[in-house]
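Common to both upcoming complexes is subunit A, partnered first by subunit B, then by subunit C.
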Partner chain A sequence: MAKPEIDNRTHFLLRLAFVWHIALTIGLLGGIVPLWQAGKMAVWLRLLLTIVMLTGGLASTLAAIFIRRGEHRGRVISLVINYLGFLFCFLGTLHVLGVFLGIDALAETFPRGIPYLGGIFAGYLVSAFGDRYENFPKRQQAFRRAGKIIMGIFGLLFLLAIRTLPGLLALIKRYNSLPPYLLTAGAILFGVMVWVLWRKDSANALKANNAHEEMLNGLLFLSPNLLGFLLFFAAPLLLSFYFSFTNYDATTKVSDWVGLKNYISLLNLTIAPLSSPAQPATEVLNTKIYDELTRITLFGRGFIIGAQDKLFWIALRNTVVFCLLAVPLSVIPALLLANLLNSKLPGMKFFRAIYFLPSVAAVVGVALIWQWLYNAAVGYINYSIVSVINFINNIFGFAIADPQIRWLSDTRTALLAVVIMSAWQWIGFDTVLFLAGMQNISKEIYEAATVDGASKWAQFTKITIPLLAPTTFFVVTTAIINALQLFEQVYVLINTEPPGGPANSTISLVLYLYVKGFQRFQQGYASAVAWVLFVVIFSVTLLQYRRQRGGTYA
Partner chain B sequence: MLRKSIWTALSLLLAATLLLTACGPKEAPAPVEEPAATEAPAAATEAPAPAPAEEITIRWRTRPDNQAEIDVYQKASDAIDAKLEGIKLVYEPGGSESSSYQDVLKTEIAAGTAPDVFWIPGTDIADFASRGLILNLNDLAAATEGFSVDDFYPAPMAHLTHNLETGAEGANSGALWGLPRDVSTFVLYLNLDLINEAGAPDPRQLAAEGKWDWEAFKDVATKVRALGPDVYGYGANAWWGPYGVWMNAAGGGFYNADRTACGLDSEGSIAGLAFQRDLYVGDNPVAVPYGEDSEPPFMAGRVAMFQNGRWATPGVRANANFNWDAVELPKGPSGHMGNWLFWGAYVINANTQHPEEAWKLLQELTTAETQGMISELGTNIPSRVSDEAINAFLTFTPPDNNQAFINGLMDMPTAEGPLWAGSWPEFVAVMDPAIASLMTGKTTIDEFKASICAEANKAFK
Partner chain C sequence: MRSKYRFLTLLGNLATYAILIGFAYIMLFPFIFMFSTSFKYQKDTFRYPPRLLPREQVTTVVAGYEGEKPLYYVSVGDEKKPYALVETNIKAGVYADPNRPEITYTVPISKVQPSGGAENQKSIIFNGKEEALWDVPIDGKTIPMVLTNQTAVGRFVDPEEPSREAFQNVRLSEPVEKLTIRPQNYKEVTELQGLDRSLSNTALVTILVMVGQLVTSVLGGYALARLRFPGREQIFLIYLGTIMIPFVVLVTPLYQLMVFIGWVDKLASLIIPWIFTAYGTFLMRQFFITIPKEIEEAALIDGASRLQILWTIFIPASVPALATLATFTFLYAWNSFFWPLVIINTGNRANHVLTLALSILRGRAADNANLVMAGAAIAILPPMIIYILAQRFFVESATSSGVKG
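Entry: the complex of A and B
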């Protein structure tokens, strides 16, 4: 391959890029030491910055070496580093200037300028109208000029209406300390280096081919999503894993490393034999550490189980019970309902929409309505029960007593109330999924079965259910994941303080996590709860997946 | 090419203007329309003066329960804004009690976006102060001419002046965490129609004769309960306030005498809980089942005595379609009604850039004039000790018997107290479920007594 010719300007710019990356390497690697000598800074932040600076420094070294050698990978690495650096400095500038906190101002003043945007558009139309007079250059020119003037006037009015000038002055005023200047300078430097390496001449000089250009373009288009994923999902996820080994409190910014302490506190259980079933826990448990969780009888002998964090285990039990009840209660009726709705009777689309409605409704609104329905004294559910009982008693002369079910305040029924409401809300969504699955099953199979004399029930059990296996797997898996993440339903429907009442009978793992993280501000501990929940969900999903692959659903 | 250039230029213009608009100052809030009433405070009717260029913006927040309260606080904010030179106030209504007011506030504090001045309940003062989230205002108060902590009810001020290091309380303790917004006590809201129908004596009359005690209370409740299976003699919501008064009235309480350990298993506490448990799951239960929201059945006319604070008055005024009034809580074995003195305080964010201006706002928010304006809603009793304030409060009827609230204030109420020696959220997280189990009959008094303090004491340092 012939060596590409490099003009002097490109040669200079590439040398500049080489020098820039050497300087950047020195800056990043050299900055690590002062970072650890700096005063007050959270350990996690130091660690994170160290990793970023180390990675950036090493990548910058590679970029310098490859650019020097005239290899294209040097350009790729350099573009990635400079692009990320530019974004960091640009967004950092906006942050220190308080732009992200100005969304309120934007919402209040920007709409005032919207009518003037219409004027700009009108100007554009006038300008474009001139294209109709290609054969009359003067007229075409006049239209274009008129359009530009209109656009200019409305553009100016637009700027005035949305208070751009005060905004500009406010922006200038905020350049009152070193950070905005440094970040702006950084954004300019990184931006210039992106331009240096992006240039066509630089690309040619570094032997770029079409595949390289396509890759870079692809990465550029992918970058908003990829960066969003890394910044707002992957990074917090990893950070929460780190926090789960600390006593992090976001309000006081305390974040000391505590090792496995959070996990040990969560999972620490003890069991002790009881001399009599009524023996007080204080006599058999070290109550400075453990609280009584439950009592069991094994081989005729009573035992007491104590837990260091009783609430965690109660929350885990409630979550599992909820999952075991709510998933079949939503999935099985949904399957039957989908079978009913998978017919061509008149008005079926209307019914499909009706059954789907609860899934569209917000959980908060639904929960508030169910709260009223469940009210023991004036709720419609108990009113209906009493009416039915009275009817039966009057007709048949029975003396059935009113059960007076206290749906939300009785520890025996509160979780059931949540299950009923959740299942009711989920059925519609599951039904739509099953319906879609059923409509993918070939009609010929049913026709063949009918010819063979198979009954409707046999067709349902021998054809529909087996062929729906992939859909069933998806529905069951997502339903289980949803159920294990139970939160809003309890938080709004039960609405006790502390949450999860009565007597902790409805507290779920996510609700417990919320209480720890956002009410007590023990974010380190809450992160540990989150990771235990992750392990539970991951294990159940893996098990499901294995079973599906093993043919259980097929 | 031209079109491409135009669109590029337009897109850049839009992006740049969005950026600059976001940097710009917010629009000044539109002035709140003045009501036609002539008694509106003079300050509120004046048009706001043009804002000087160097105005300092102070954001403040309190917890309103409805739009009417939001409007009144906005009106108060505008009036103070006009009064304070060089300060521009921005009132931000927080979420209501059921909308996680504290959770949101704490999250904002963690993010550094919380307002300069905000209201928190009395029980949260210790948590906020010990975490360093609110300013100690002692120096600012000491430099303020005419300011005295004695102008407010002493019980809240004892907590608000608690010194974290020495434990001292009072004017010379060296600490001041905030100023109380208002105070409140429990009363029993009465459905007089139900009580008459049941042929029970009028609790107001019994209270006036000094015969309003637990026995009399239970007698009225039992007679009303006999009216039908869906009619109840008594109702209260399930939180620490209602069940606490029965313990207090029997001489017990949540803590020991110096508030350093659990007192839930003391003789008085157990006696109070036993009496209350009998109302719910005794041989002849008279109360709306524990844990059920008692407000809907009371509003529906099925509860004779509904225990709640002054904050419930606007709702009862608006929704009760029966003859109603209020009576103080019955006196217990201790000779007192065991009422709470509920309070909450305006405090200053420890990260505020303008502590002096925030302190000025705090003083203005607690003047007799501002408190009078807010008391007109009927939800609050002013936190300043003043005959004038109390007399003004008594005129806001119905209920006719506003004196019931004042009687609650005068009968040695226990101040809603922050737990300086431990964690209140941890304590209540243990206490509340245990009492729910007790009141629903899931556990016995003996079981409760045997285990409660072993668990609850873990909430203490």
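Entry: the complex of A and C
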């Protein structure tokens, strides 16, 4: 392999990169000392910054060495460092200038721009309309161009209407202290270095091949997603795990390591025998720790179960009950409906569309509607019940009394009300999934069965249900996972203070987490609740993955 | 035989349609209720038995009286006639003829005179007790009666002949009504809770989240599908594994992160963390691997950059997948409630999104079903319209969630 030709300019730029990395190493490693001397800063932040600077410094040294030796690894390391540095400085500049907070100001002016957004959409429609003239390229071109011009004009008007210019000017005015200047300078420096090493000539000088280019492109393309994912998903996830072992309180900012204490007090149960069924709990339980949860009878003896965190167990019970009721109530009708829809009769798409409608509506909106349907005095649900009862009474001469259910304020019916509403909202979604699964089953099997004289019902139970098993499994596990996260339905539909009333009859695990973490701000404890919930949900998910890997469902 | 089979099939089909229509009614009814109630007068929402169509009371102008007077049905003789209510809270007695005590007459006290004069009122033994007798004018005749009860009535007059009057209990009278709509509910609820701002905020947040997520997902999906680099498979597996992790596990530390960056109570917190999703990347990756490699290789040899290839080959070929992801994101962003509830201050109305505003409205307008339903309609209508226009993609986004793994 011939030694690549290196022109003077590239030679100089690579020299520059070398010097830059030496300087960066010194800067980063040297910066660690003042970091620990500086006042007020959280220990974890110092540690984090130290680790970042140390890694950065060492990587920078490596980059300098490899570039000097003309090895391609140097280019990769250098590009990664400079790219990350550029992103950090660039986003830091935006942050310091208040661009992200400026979204609030944008929200103020955004309504004025909405009509122009309609104009942009109209322009898109014009250009899309051109596709009708596929056989007349000239006409198609004309439509596309017209569409682009319309979109451009309205886009410009939109930017003017939402006051982009004054906003940008306001940003420039924020260059009144050192940090924005420093960060901007950093962004420019890092950006220039990225350009220096990204150039084709530099790449050739460092013996880059196609695989190298592909790798760098891959990292570059994935980087926005991956970095955002790390920052807003992976890091909080780990942090949440850490919090669950502390007594973190967001109001007092106290955060001490307490080990497993949160988990223990969450899960701590005790059981004690009772001498008589009505014996007061204070006589058998250590009421400083335990609250009475329930009483049971086993082998003819009475026992009392006490819990350290009674509300958690009530929330767990409610969530499980909700799951056990809402999942069958949505999945079974969905299966039957999908079976009916899976025919060649006309109008099936129309029905499918209607059934799916509740799935697109916000749970909050749906809960507001159902709150009035459930109204004890004038609601449609009680009205229908009364109408049906009157009808039966008239026909058969019974005298069934009007039950007058107070759906949302009766401890016996409040959770049921949530179940019915949720099942109603989920049926359509499950129906669509089932229908997709059924349409994957080969028609020939049914034809063969029809020839053999199998009835529709036999076809449903002997063919559809067994072959649909993977879909059913998926639908059921998804429904369980959704049901375990019950929150909005209760929060809006029942809407008591504290949430989860009446008398805690509807408090769910997530609602309990919300109360602990965001009403009482015991966020360490709330994190422990979250992880208990996570373990439950994860086991369901794991079951599903196992099954999917082994099964035929892809 | 054949015709019998046909008949059974027909019967089966009819039953199928009956069930399907029944369920369609159940699915649609709450929305029908929402729209109809959102056009009602508040009084109408409390009527029992409930009625779907909004109605209002008919009013009329009566000669000799000021302003519009409401009409009620009044029994005149054997007929029911619409009379206008002109005066309320008139003290009245319920009188009965001692000879026919089963019929009672409600007559204002001012119209009744003591029988035999005030000094010397006659009386009668009625139900074993001595009761005073009153001269009650009934249909032009005067009949002595006993007072059995006291009440308050309204004075109703015939709008065409105001001298013809009648007295009866206002609350028990059936009002004369006509169908109506009250679109002001939408205006009122918008002003009450600042829903216009919430609506534009929700639109802004949704648009930015959609655009941001499409960009990062397309770039990331392309990298995971087509570009080889060390760690790609591991990253893909991690992404796949995290799709099912519930948001509630993240909510506490994400809140802390927002506190640290300073985005609590800011719209940025509703947008930026939501544009990087494993699910979207996964979805795009799954679609991109189905696109044949040959086209791409030809373009590479022609010297096209990866970005050009992505823009000119992959994106035009994956419009359905993009639309599916866009609808999914749209629904998620438009309808999300838990995170806004946690991160946006309930007092900071300028940064409310619709779901948050609605949950507050529920408490503020607890007695105004018409206003609450108008608010719910404002939140539900946009996704509904988009759903009707782009139904295919909604259904696909639902089924594509079943293709995981």
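One rule holds for everything that comes next: the second predicted complex is superposed on the first by the 389 of 554 C-alpha atoms of A that agree within 3 Å, B and C clash if a C-alpha of one lies under 4 Å from a C-alpha of the other, contacts with A are read in each partner's own complex, and residues count from 1 in each chain.
The working rule: contacts are C-beta pairs under 8 Å (C-beta built on N, C-alpha and C of every residue); 3 or more make two chains touch, one makes a residue touch a chain.
For clarity, every value in this text was computed on a predicted model and none was experimentally measured.
Enquirer: Pick one for A:495: touches subunit B only (first), subunit C only (second), both, or neither.
Expert: both
Enquirer: Check the residue A:518 against both partner chains and state whether it touches subunit B (first), subunit C (second), both, or neither.
Expert: Touch partners of A:518: subunit B and subunit C.
Enquirer: Let me test your reading of the model: by the given contact rule, A:47 touches which partner, first (subunit B), second (subunit C), both or neither?
Expert: neither
Enquirer: So in the superposed three-chain picture, is A:110 touching just subunit B, just subunit C, both, or none of them (first/second/both/neither)?
Expert: both
Enquirer: Which partner does A:448 reach: the first (subunit B), the second (subunit C), both, or neither?
Expert: It touches nothing on subunit B or subunit C.
Enquirer: First (subunit B), second (subunit C), both or neither: which does A:101 touch?
Expert: Touch status of A:101: both partners.
Enquirer: Who touches more of subunit A, subunit B or subunit C?
Expert: C
Enquirer: Figure out whether A:38 sits in contact with subunit B (first) or subunit C (second), or with both, or with neither.
Expert: neither
Enquirer: Please work out whether A:120 is in contact with subunit B alone, subunit C alone, both, or neither, and reply first, second, both or neither.
Expert: first
Enquirer: Looking at A:392 after the superposition, I want to know if it touches subunit B, subunit C, both of them or none. Which is it: first, second, both, neither?
Expert: Neither: A:392 stays clear of subunit B and subunit C.
Enquirer: Once the two structures are superposed, pull the subunit A residues common to the subunit B and subunit C interfaces.
Expert: 100-101, 103-104, 106, 108, 110, 250, 372, 377-378, 495, 518
Enquirer: Give the list of subunit B residues in touch with subunit A in this complex.
Expert: That would be residues 2-3, 6, 10, 13, 17-27, 98, 102-103, 106-107, 109-111, 113, 131-133, 229-230, 232, 238-239, 288-293, 296-297, 300, 302, 423, 425-426, 428-429, 432-434, 436-437, 440, 442, 450-451, 454-455, 458 of subunit B.
Enquirer: Looking at the complex, which residues from subunit A come into contact with subunit B?
Expert: Within the complex, subunit A touches subunit B at residues 94, 97-106, 108-110, 113, 120, 124, 127-128, 144, 151, 155, 158-159, 162-164, 166-168, 170-171, 174, 249-252, 280-282, 287-288, 291-292, 311, 372, 375-378, 402, 404, 406, 408-411, 495-498, 501-504, 515, 518-521.
Enquirer: Under the stated contact criterion, what part of subunit C meets subunit A in this complex?
Expert: For this pair, the touching residues of subunit C are 12-13, 16-17, 19-20, 23-24, 26-31, 33-34, 37, 45-50, 196-197, 200-201, 203-204, 208, 215-217, 219-220, 222-224, 227-230, 232, 235, 239, 242, 244-257, 259, 261-263, 266-268, 271-273, 275-278, 281, 306, 310, 331, 334-335, 337-338, 341-342, 350-351, 354-355, 358-359, 362-363, 369, 372-373, 375-377, 379-380, 383-384, 387-388, 391, 394-395, 398-399, 401-405.
Enquirer: Considering only the defined contacts, which subunit A positions touch subunit C in the complex?
Expert: Contacts found on subunit A: 95, 100-101, 103-104, 106-108, 110-111, 114, 211, 214-222, 224-229, 231-237, 239-240, 243, 250, 333, 337, 340-341, 343, 345, 347, 351-366, 368-373, 377-380, 383, 424, 427-429, 432-433, 436-437, 456, 471, 474-475, 478, 481, 484-485, 487-488, 491-492, 495, 510, 513-514, 517-518, 523, 526-527, 530-531, 533-534, 537-538, 541, 544-545, 548-549, 553-554.
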